[in-house]
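Pasting the structures here.
The two complexes that follow have chain A in common; it is paired with chain B in the first and with chain C in the second.
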Partner chain A sequence: MFGEYSLGDLSSIFVMQGFAGLILFSVYVLMALGLAIIFGQMGVINMAHGEFMILGAYVTYLCSTFFQNHLPALFPIYFFLAMILAFMASGALGMLVEWALIRHLYKRPLDTLLATWGLSLMLQQAYRSIFGAREVGVELPSWLIGSVQVTDSIEIPINGLFVMAVTVLITVGVAVLIFRSRFGQQVRAVMANRPMAGAVGIDSEKVDRYTFGLGCGIAGVAGSAFTMIGSTGPTSGQLYIVDTFLIVVFGGAASLLGTIASAFSISQTQSTLEFFLSGSMAKVLTLLAVVGILMLRPQGLFTLKVRR
Partner chain B sequence: MLQTAPTTLPPPVMPGEAPILAIEDLHAAYGQSEVLHGLNFTVAPGEIVAVMGRNGMGKTTLMKTMMGIVPAKSGSIRVNGTELTGLKSHARVAQGLAYVPQGRMIFSTMTVQENIETGLTVTGTRKVPQDLYDMFPVLLEMKGRRGGNLSGGQQQQLAIARALASKPKVLLLDEPTEGIQPSIIREMGRTLRKIRDDRGLSIVFSEQVLSFALDVADRFLVMENGEIVHESLRADIDEARVARFLSV
Partner chain C sequence: MTNPIQSLTKSVTVNDNPFMKPIEWLSLALLVVVILVVLPATLDAFRLNLVGKYLTYAFVALGLVICWGYAGILSLGQGCFFGLGGYCMAMYLKLEASSIENTKIQSTPGIPDFMDWNQITSLPWFWKPFQSLPLTLILVIAVPVLFAFVISFAMFKRRVGGTYFAIITQAIAAILTILIVGQQGYTGGINGITDLRTLHGWDIRTDSAHNILYFVNGGLLIGCILIAQFVKKSKLGRILVAMRDKEDRVRFSGYSVAGFKVFAFCLAAAFAAIGGAMFTLQVGFMSPSFVGIVPSIDMVIYAAVGGRMSLFGAIWGTLLVNWAKTSFSESFPDLWLFGLGALFILVVLAFPNGLAGIWREHLEPRLTRRVKALRAPAPAIIPQSAPAE
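Up next, the complex of A and B:
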């Protein structure tokens, strides 16, 4: 399949596809972070995670149109505000959902799967009713459009760089929150042993609510980033949820580093193969590789080694 | 009362003074099968009480029920006069109960220091008090290690330090000697008495090893089939009789 390209072409292709992969990687990481935190904390597999992401995307879309029509002067910087609002909207909806639905189902993990799936259908229909079935696109400010010419044959899009910077920032922020803050300590204690965390004085219900909100909020930011690489429709989130599950499982549950490494390897494989093969063939090969590796290492890429 | 000036307290106080912990007609069940059939006992401030009994007699269930991990079916649990039944575990910790479970249950992926810090949650402080490290110097030495990589005896010290971090009035320990080597068991007996003497708190521990309990406790309760069948002070304990309850 490489036959018809020269060596120079090939290296350019790899760099550019690799970069396209990095944008995909950013969305995956943000999605998977939220999913992994929620799964690690309360053992809930949030099937509606894609819809929380799309909520963030719609919020970004609303911001974009609002600024275009009412505050064109501030349009160049609307994206920052959009991301904050996306985080808050998805986070608030997440906390509401935890309070109204999830907390009643903690002792029935299979039911949470069904309940969150139902929630995802409801949200999809809500988006369809509110925003219409047609996909919407976000207008980017001019400074985010265009690309950096690195060499004659390599171009790197600016919005990709921006998305990656945001991802790095959020990942570092989450890592600091989980490993350095009081709240993170409580999250990890509840993850390790819920009844015992209660017995040392941690209010695990409160921790659950904020964790769910945080995970969903990060998905909202992922949605904001997503608007730059795809158009937003009621069911766009569905396309990402399966891949995100795969990343969480492949990375090893409850390992932040594993999640990042697995998101990176999966998105890069996917993106590079997509150029040479068809999209579905690329997906087949990626999935096969993941299944093969998981058979050899069922615990995922990274796990902590301690006595339990 | 005593928690306002813990250091000035005289050690063991005779029953009769207002109890710090009072259990009344406590019933607990797993689903349909009742495990605790109406327990009654009180613990005086500064007293160390051993709950003896063979496996399966309800000692751990009693501990978990007091801690709110197993719900009480009926009855009352009061600490310093405050009713605890119906409260969540963390709220009971805030009321002055602390718990060292069977098997220690430290957070194995967290460092020693972080483990102790989790116990500080209800106090609102962030810094591990120096006196905890003074009591368990080995924990200071290992504060950056993951809890799961400590030995059994070290984990037990960590679990006790974590429980003490919440400044409890009553410390509950479930089978503290289980899985710990004999030399360390003796050391632990001394530690428990020292904790009581220094901090003036009350200690309730469940135990199958009579020699350890005789070393540490002021009073003995013997449980059988979810009921308290025997009770005596250390001064007038009939060792042979208690030993008979413990033999299989």
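Up next, the complex of A and C:
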């Protein structure tokens, strides 16, 4: 299968496909980060995570049309505001959902799965009623269009670079928040031992609510970033939910580092295979490999030692 | 709120009596009368075929009651087994429909049309067994059960359970769908296997054939209910419940937990496969849209609405949800997904034991009190603390 390509071509292919994989990796990481926080911290399976992401995408789309029509002068930088709004919208909806739905179901994880699936159906239909069934795309500001020519056979698109930069920034931000801040300390305390955390005066209900909101908010940012590389429809979120869950489980549910490592390996495998096989077979082989590895090593790549 | 699961467990485990209690015989009789007499007598051919289609989903819901309600294994991949059973049947029917004289305009006559469109010139090896009807009938059940066995054996031996198992089965459903859609030349792709005509020379597209198939389907469903009831009442059924509630204690008592879980999962897969095969026969095609995640989770909600612990509830739940779906999406297509979503949330939050739970907790005690009051005219004789169940 490598026969018809020369060595130079092959290395260019690997770099370009590797880069395409990095963009996929960015979206995966942003989605999986939120899910890893929710799943890792609370053991909640949030099947509506994809719809929180799509909410962020629609907020970005609204911002883009608003700035285009009313504030064209600020259009080049609308994206930053859109991301913040996406975070706030998804986060607020997440906290509302936690309050209304999730907190009644902490003891029944399988039921949470069904309830959040119901929520995702309702959100999908809401998007369809409000924004229409057709996919929408955002208008990119001019400085994000185009590509950087690295060598004569390798080009790197600017919007991809931007998405990656955002991903790095968010990942670092989450890591600092979880491992260096007072809130993060409380989150980790509740994760490690809920009754003890309550005994030392941590309001674990409040921590749960904010953690769920944080996870959903990050999903919103993921959706915002996603609009730069693809168009958004009411059911786009569902396409990613299985992959995201596999990434989180593959990485080891409670480990942020594991999530990143597994997102990296899955996205790279998939995009490299995609060049040589059809897209669907690449995906099948990647997912099969992940499921196979999970059958041999159910705890995932990285494990966090937590007393249950 | 008292834990409903616990009160149900009590009624299951205390039970060392005959195969079915009087009330269960009554429910069975009611179901038989409705499925085999009332519905065929009142509905026209089109609606009856529609009910037949719903009843094929009831096989899956029935399997989920054993697998999820009793053994505590939530599978989000039942669509896989439904689909595999349906595809096995469809492959046989397709081969029969693609006889040499039917397909003589193709560049390779005698193979299914979609293979010809995809430049495949000979029948692939895994299609060959489906040229024979007896072999097909065996494979309809054997292939999905073997698949279920491979998945569940690997997972349960390593003590993967609960949410992880649900996520993995979901991923497997996704993989299978992508595979079927992607390998268009071998599977018919996104359209599935269509244009099915005859079963061993018998035209399955006529109204009379639909009628006969409906009764075959109903009979098979009742057979499956009896099998499930047998499993539920046997010692095995009690071990399943014990395992669901305290897996470690069962393991420490010397039982092989993995073996029992594999059995429950395979039984559910076999039921689903029968449903899939009957679906293909009655509806006349099979496509990947019945394999993926969305139908798989929909099937879970059928069982949840009917009551995850009730065999009969699962059938009623399936009929009810599908009836609602059909009538809603005919008149208000936009509202249906809202309704379905709300149903998921409502069932989980307010009625974890579904219709059967409402019956058992509210209606049945009241009914027993009525019956007792009728039998014994002097109510003072009945002690206040008479057992409610």
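Going forward, the second predicted complex is superposed on the first by the 302 of 308 C-alpha atoms of A that agree within 3 Å, B and C clash if a C-alpha of one lies under 4 Å from a C-alpha of the other, contacts with A are read in each partner's own complex, and residues count from 1 in each chain.
The working rule: contacts are C-beta pairs under 8 Å (C-beta built on N, C-alpha and C of every residue); 3 or more make two chains touch, one makes a residue touch a chain.
Small disclaimer: the values here were computed from a predicted structure and weren't measured.
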(message) Under the stated touch criterion, name the partner, chain B or chain C, that contacts more residues in chain A.
(response) C
(message) Looking at A:Ile145, would you say it contacts chain B, chain C, both, or neither? Reply first, second, both or neither.
(response) neither
(message) Is A:Lys283 touching anything from chain B or chain C once the two structures are fitted on A? First, second, both or neither.
(response) second
(message) Contacts for A:Gln185 in the overlay, against chain B (first) and chain C (second): which applies, first, second, both or neither?
(response) first
(request) Considering only touches as defined above, state whether A:Phe245 meets chain B (first), chain C (second), both or neither. (result) second
(request) Indicate the residue numbers of chain A shared between its chain B interface and its chain C interface, in ascending order. (result) none
(request) Give every residue of chain C touching chain A within the complex, in rising order. (result) 74, 76, 154-155, 158-160, 162-164, 166-168, 170-172, 174-175, 178-179, 181-182, 293-294, 297, 300-301, 304, 334, 337-338, 340-345, 347-349, 352
(request) Going by the contact rule at the top, pick out the chain A residues touching chain C in the complex. (result) 43, 45, 101, 104-105, 108-115, 117-126, 128-129, 238, 242, 245-246, 249, 278, 280-281, 283-284, 287-288, 290-291, 294-296, 298
(message) Give the list of chain B residues in touch with chain A in this complex.
(response) 67-69, 88-90, 93-94, 98-99, 101, 105, 107-110, 114, 117-119, 121-122, 126, 146-149, 162-163, 165-166
(message) Which stretch or stretches of chain A touch chain B in the complex?
(response) 182, 185-186, 188-189, 192-193, 195-205, 304, 306-308
